[in-house]
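Structures for review follow.
What follows is a pair of complexes built around subunit A, which joins subunit B in one and subunit C in the other.
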Partner chain A sequence: MFKSLKSLLSVSTIAFALAVTASSAGAQSPGGTIVITTTPEPATITNALSSAPTTAELATKIFDGLLEYDMDLNPIPSLAESWEVSEDGLSVTFNLRKGVVWHDGVPFTSADVQFSLLEVVKEYHPRGKGNLGPVTSIDTPDDYTVVLNLEHPYVPLMRGLSSLESPIIPKHIYAGTDFRNNEAVNKPIGTGPFKFVEWVKGSYIRLERNEDYWREGKPYLDSIVFRFIADSATRAAGLESGEIDVATFGTINPVEMRRLESLDGISIAVGGYEAISPVMLLELNNQRPPFDNKLVRQAVAYALDRQRIIDTVWYGFGKPAVGPISTFVAGSGAFTDEGIRDYAVDDRLEIAGKLLDEAGYPLKDGKRMSIIHDPAPFGEDWRRMGEVIKQQLGKVGIEVELRNRDYPSFVRAVHNEYDFDMSSSWYIGMADPTLGVQRNTWSKMINPEVPFGNSSGYKNPEVDRLWEAAQTEADPDKRNEYFHDLQRLLVEDSPLIWLMEMDLVAVQRDRVKDLITSPFGIRGGLYDTWVEK
Partner chain B sequence: MWFANAKYVLGRVLHGIPIILAIVVVNFFLIRLAPGDAAQVLAGESGAATAEYMRQIREQFGLDQPLWLQFVNYMKNLLVFDLGFSFRHNREISELIMDRLGATALLMGTSMVLSIGFGILLGAIAAVRDRTLLSHVIMILAIVTYATPLFWVGLMLIIVFALNLGWFPTSGIATIGAPVDGFEYAIDVAHHLVLPAIALSFFYMALYTRLMRASMLETLGQDFIKTARAKGLSSSNIVFRHALRNAIIPVLTMAGVQVSAMLGGSVIIESVFGWPGLGLLAYEALFSRDLNLLLGIFFLSSILVVLTNAIVDVIYTLVDPRIRLNGGRHA
Partner chain C sequence: MLSNSAKPTLLRKILSTPTGAIGMALLTTVILLALFASVLFPEGPFEMVGAPFRPPFGEYLFGTDMLGRDIAAGIAYGARISLLVGAVATLVIVLLGTVVGGLAGYYGGWIDTAAMRVTEFFQTIPTFIGAIVIVAVLGPTLPNIIGAIAVVSWAPLARLVRAEVRSVKGREFVEACLSLGMGDMRILVVQILPNVLSTIVVAGSLMVATAILFEAGLSFLGLGDPNIMTWGFMIGAGRSAIRTAWWMVTIPGIAVLLTVLAINLIGDALNEALNPRAKR
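Our next item is the complex of A and B:
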């Protein structure tokens, strides 16, 4: 993972990337169907307008982005064949692929790109402002050239142009309509490897092979079916009986995943979440006692045994997080573990006790303080993690009361009213810290209107300065230094507790081959995936 | 007789209208007591929303309007049977409900028939063979199935009959990609229906068995049965012609009430068997705070309950001709 830093914007990485994707070539045979189960059933299947996880899983088969990424998150061609960033970093020129047609037969042109990025994704995609914020205008000198003009240099731009983040949608269908209510939102037309066929609400969505796909001879599969089954045990039974080929992360309990893994014909598909960089964390309310006190926050960081949580609750699907910036982005050099305070030391419980004494919470009758923990309402595993945390914090005299609520109640209390002490959650770190990590600790993200921002209310002028400098810095090395400083500063200050880098593995039947061939994994186009007959 | 019945049902339905309206009004305000709104759920799912995005969503969903205005608009639309639009699903609510109604009706109908049929049969047997081994076995079975959680029954059926024996599919309503009409399709759906229908029937069957037994025992002890015996009628004649018809009335009453409960009970079964019915739609609507959709489903359920009760009344007259719908009962 710790490869020397490559120039992110260089075209020279293309050859390398092609070599990676071609390495598994050989026995692919065309044809066949795979059934993927995911949950929950999405509300819509056009990810230009929604970033819900299941929407993305579906839409990335139907739409393409300008770029894709190799396993080190360097850009490789997709709808854009080549690109060039200007010297001053204020414009990027993309040369588009010729001869690409939409699923309805209309040719794809630069107007579609201009429309999608500027009018739709930037405006409506919840992460559009992050990915494309500094893009002020897009020129289309001809049908196959687009020029993005930027307000200031913006390195993250080139990391957010995948079909997952910035899908290109057809202008001829959406222009001049109310996008969200356009019926194409649920009967999408894209340029991607698979075409939308039908959506039987409550049951499944079926996609079939795009015969005119621009990647010669691909995709291999005839069709992909996404099935929606509400019960986790039934999904596991479906995988066991062979009715389901792939179960995405979160559809089957970790303990059940380990059981299935031990069966013949079923295995765990590792990888395919690098570009998403998922990290689990505990949010602490920095705006009220006891967590307005840095010593108490550090004491919690010492008191928690991350490895034990990973082993007992998540059955090993993850590894302890060093800090906010994860090893997933190590390829770009943004990650560091040097000079970071290590909370996993042998005498961590003694240190935690001392810190709490110092903070003015002496031990009385085996107890120092009581707090309330709101586990994320994402399922029983999260509740179980709450129980383990309760037990671990109890060892240093912090009494924890668990409060379980349904999703909307949780979002309102924790993220809108900021009425909580400690809550669990996870965030999508994305391929660049500015895109995904910044929002949790940048003081400008303290906004009760917007859930999952800086809900802990953490304010630190130095942290703000570093995040803002990284936004506009054009030199990748300098940016990485900012990120390293942030990593050190944040781990020391401990406004949140970063628990684990999550392995969003899938469970699959072995007849499915080459399921994970990109850092997006199942959230990629699956055009390289095939089945054994 | 038929004319009188039709007139009665019509009257009941007309009486039902104010009840249904009252239910709608109470529901409208009641479900708004739940904290959080649809925009927050969507924003939460997106993982990264901006204030502008939240404002857009609220505006689009009409959540930025004052509550009384939302209510007035909702009632206005409802009076012309416009259930509104689900922004989350991007579809008309009536369409969403109609898509799911068939699956629910099929599952409910089959389970009702199975549970009432077997419930009456087993209950009657237990009463006629009272204090025998057979009766004890039936009553113990009834208690066990009544006390067993539905989801567990469902999972056990899946493990035994779908995984180990491989006789039935684990979930779903039909084979995906198979033809969607004709005889083959019907067989395919029936094949998928077996396990969920049995699982859902279990619980209710236990209820009907117990009810039927108690009612039958009571009836068998009455004077007219003694008279029948004294006349020298055969035992089967007594049971089927005289006792059963009288004993069945409480079961029918219960069944009428249960139709609405089954909508709720089937949430679990729909969830376990991946059955695309209304219960699941309501469940998801609740957790995504898709309030219009939830109200639409409540509205439909209240209509269903009013209708079923009227129909059950009519069935009474068929089972027991002494019952007259215009009130009163012949001596």
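Our next item is the complex of A and C:
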């Protein structure tokens, strides 16, 4: 009782503080346009059919999901006003918002939800099976009620119903057509805060305020323009000159981001990636020597200086990862650092040396073994990281040869043929470990047909059992126990090297206010965002 | 031509011109740097020796790069690669060019026609793009890079040698050799080649500079061998930080500039020494 009272008090204090800052900064003034630069230009702008990052950045302004999430990743209302999970966890009832209309004026109903989730997102979205897999049918007792029927209890379901993961698209436009070739795919009609206006290929996409948006008085902005500029230096110059208001992560080199940050009128927009919880890792080939040996994998985990990698290669945009499940999901209780092997100890290099001795790789002429590292072909920063890793592993006698390859040959060798020793990559952990983290270490994800799964070929029956138990467990506390066990087991076994929790920060002009107000950040609806005049 | 007694005179001739002297001085510095790289910087060019982004002329002569690597070490080890690529690629180009050009020029007829069509084929490919394609397909390793540079650069030399051989072949002393019953190969190697050598040496010396630039260009584009420190690699890596740290790009850039300049100066001096009539 006392505890809840205290938390209530602190919540109201925060709310009060927020109200004070909001009023002292001047109320959100409506109007204005912001220009966002992102890269690459998306191929399509309907994210029900694609999981490409830039597709999502655009589509989340145009479409809504059933739910949104607060900063602790708890569900909050969106198109669904309220919901109820049945006691056995086998059905979820959503009460939909009334009076919502599509951008073309047609009323939004439960039929749209049934159609979108079951026929489009579950079938066509690359993460649809993960988010909605156990949903067997959807009932629509009336226009404003939907009931999702599940094969088994599935807690992750309630974390994957945002406009980013499961957007609701209009049935009256898509039903009975070839979805991918429907012309609405690139002239989308949604229920979201902004309407699509035009797309000048190779140049920009313009979105305009939805006057009939169901959130009263929102959005504040008149329009949002997404500009596509091929060169990173030009994007940085655009931000510097004020031509561009927001540059998403990856559009400007980290070193340039640090330079721009020091200029007047430009700052780093921290946050807004909690819901996708990105983690960078090294994949080790667990199916062949030397990384089929746990001692060697642990030695690598000890030998790497994560903080140095973060500071030099990534200019501080991240923090060392403890294990596969990141602190981003700490709010749900899935994260733990209790009983986890700590690889960042002071005598880590000595330990690494001992482990390698024990594994049968004694030091001969300053060298124990040679391996090949394929840095991810995602840009020069990844190559720099390869160079640092080469030096750091060289210190414990692991000689690393770097091999740079183009994207298609990289994916073929590493993710289809599993012909590699060590490779770098990153994954989005999503709001629930079952959705994002599981695929890297669950043995059922060893599939050469599907890249970026369990490419390291790691098989551990106990790990499989825990992942599978977490999929169907209805009790959140019990699931979190499973995740904590997984965390301990995986970090101890070290099949992959988790390097850092990535901060996918954006760079913004200071005239843009309230850019990051949700765990989706720029991948949210931006209906709270406004500009100072 | 380059007999023992002629060697000192040739060197003296080169050194007597101001361009030659400057060129030789610069090149000697680069060679010494390459030779003593591992003595000067025993920890190697990839070792992160200090804090990143240290400006030059402080704790480190040329500063450190974005990872804290000593740029001076990179320059010294990069000199090795530049010189190695320049020398080996030129050797391959000269060998290929001389063999193809010599045979085509000497025999004429269908051999000439066939050889010239092949060289034309190679000449129609834009050289740098050709090198990029070869390295991209075969993979970025040092032998592949040297091979790619040689493959795209030998054709002009072959045509040059062919033209020279043809003009020498028409001279009386060659006819005299023929009438004495000398074999084709002997005439070509012993009689004609020495008379063409000065042209080959001058053209070859300039090829060294081109090869170094090619290698730097390929590394700059990320097509260098990632396990080897080169000047082009340093420029390419430092490019993204150019607004924050000018020295990461500028210093290796100056190294490329001075080396290529030195070789061109020596080439000019060689040309004057070996073909005095050609210029005046």
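In the analysis below, the second predicted complex is superposed on the first by the 507 of 533 C-alpha atoms of A that agree within 3 Å, B and C clash if a C-alpha of one lies under 4 Å from a C-alpha of the other, contacts with A are read in each partner's own complex, and residues count from 1 in each chain.
Please note the rule applied: a contact is a pair of C-beta atoms (placed from the backbone, for glycine too) under 8 Å apart; a residue touches a chain by one contact, two chains touch by 3 or more.
Here the structure is a predicted model, which is why all the values come from computation and not from measurement.
Taken together in the superposed arrangement on subunit A, subunit B and subunit C fit without clashing.
In the superposition on chain A, A:35 makes contact with subunit B only, while subunit C stays out of contact range. If you count the residues of subunit A touched by subunit B and by subunit C, you find the higher number for B. In the overlay built on the shared chain, the residue A:406 is in contact with subunit B and with subunit C.
Rounded to the nearest 10, the angle at the Cα centre of subunit A between the centres of subunit B and subunit C is 40 degrees. Within the superposed three-chain model, A:225 lies in touch with subunit B and out of touch with subunit C [touch as defined at top].
Of the two partner chains placed by superposition, A:495 touches none, neither subunit B nor subunit C.
Of the two partner chains placed by superposition, only subunit C is touched by A:387; subunit B is not.
Using the contact criterion defined above for the overlaid structures, shared-chain residue A:134 touches neither subunit B nor subunit C, since it reaches no partner. Here subunit B and subunit C sit at a least CA-CA distance of 8 Å once the structures share a frame through chain A. The residues of subunit A shared by its contacts with subunit B and with subunit C are 406.
The residues of subunit A lying in touch with subunit B in their complex are 33, 35, 40-41, 43-44, 50-53, 124, 126-127, 129-130, 180-181, 183, 185-186, 200-204, 206, 223, 225, 227-231, 233-234, 237-238, 240-241, 243, 406-413, 415-416, 427-428, 436, 439, 447, 449-452. By the touch criterion stated above, subunit C contacts subunit A in their complex at residues 46-48, 52, 66-68, 136, 139-140, 222, 226-227, 236-237, 240-241, 243-244. Within the complex formed with subunit A, the residues of subunit B that make contact are 34-37, 40-56, 60, 87-91, 96, 99-100, 103, 151, 154-155, 158-159, 162-163, 166, 169-173, 176-177, 270-274, 276-277, 280-281, 283-284, 287-289. Residues of subunit A touching subunit C in their complex: 232, 236, 253, 255-256, 258-259, 308, 312-313, 380, 383-384, 386-388, 390-391, 401-406.
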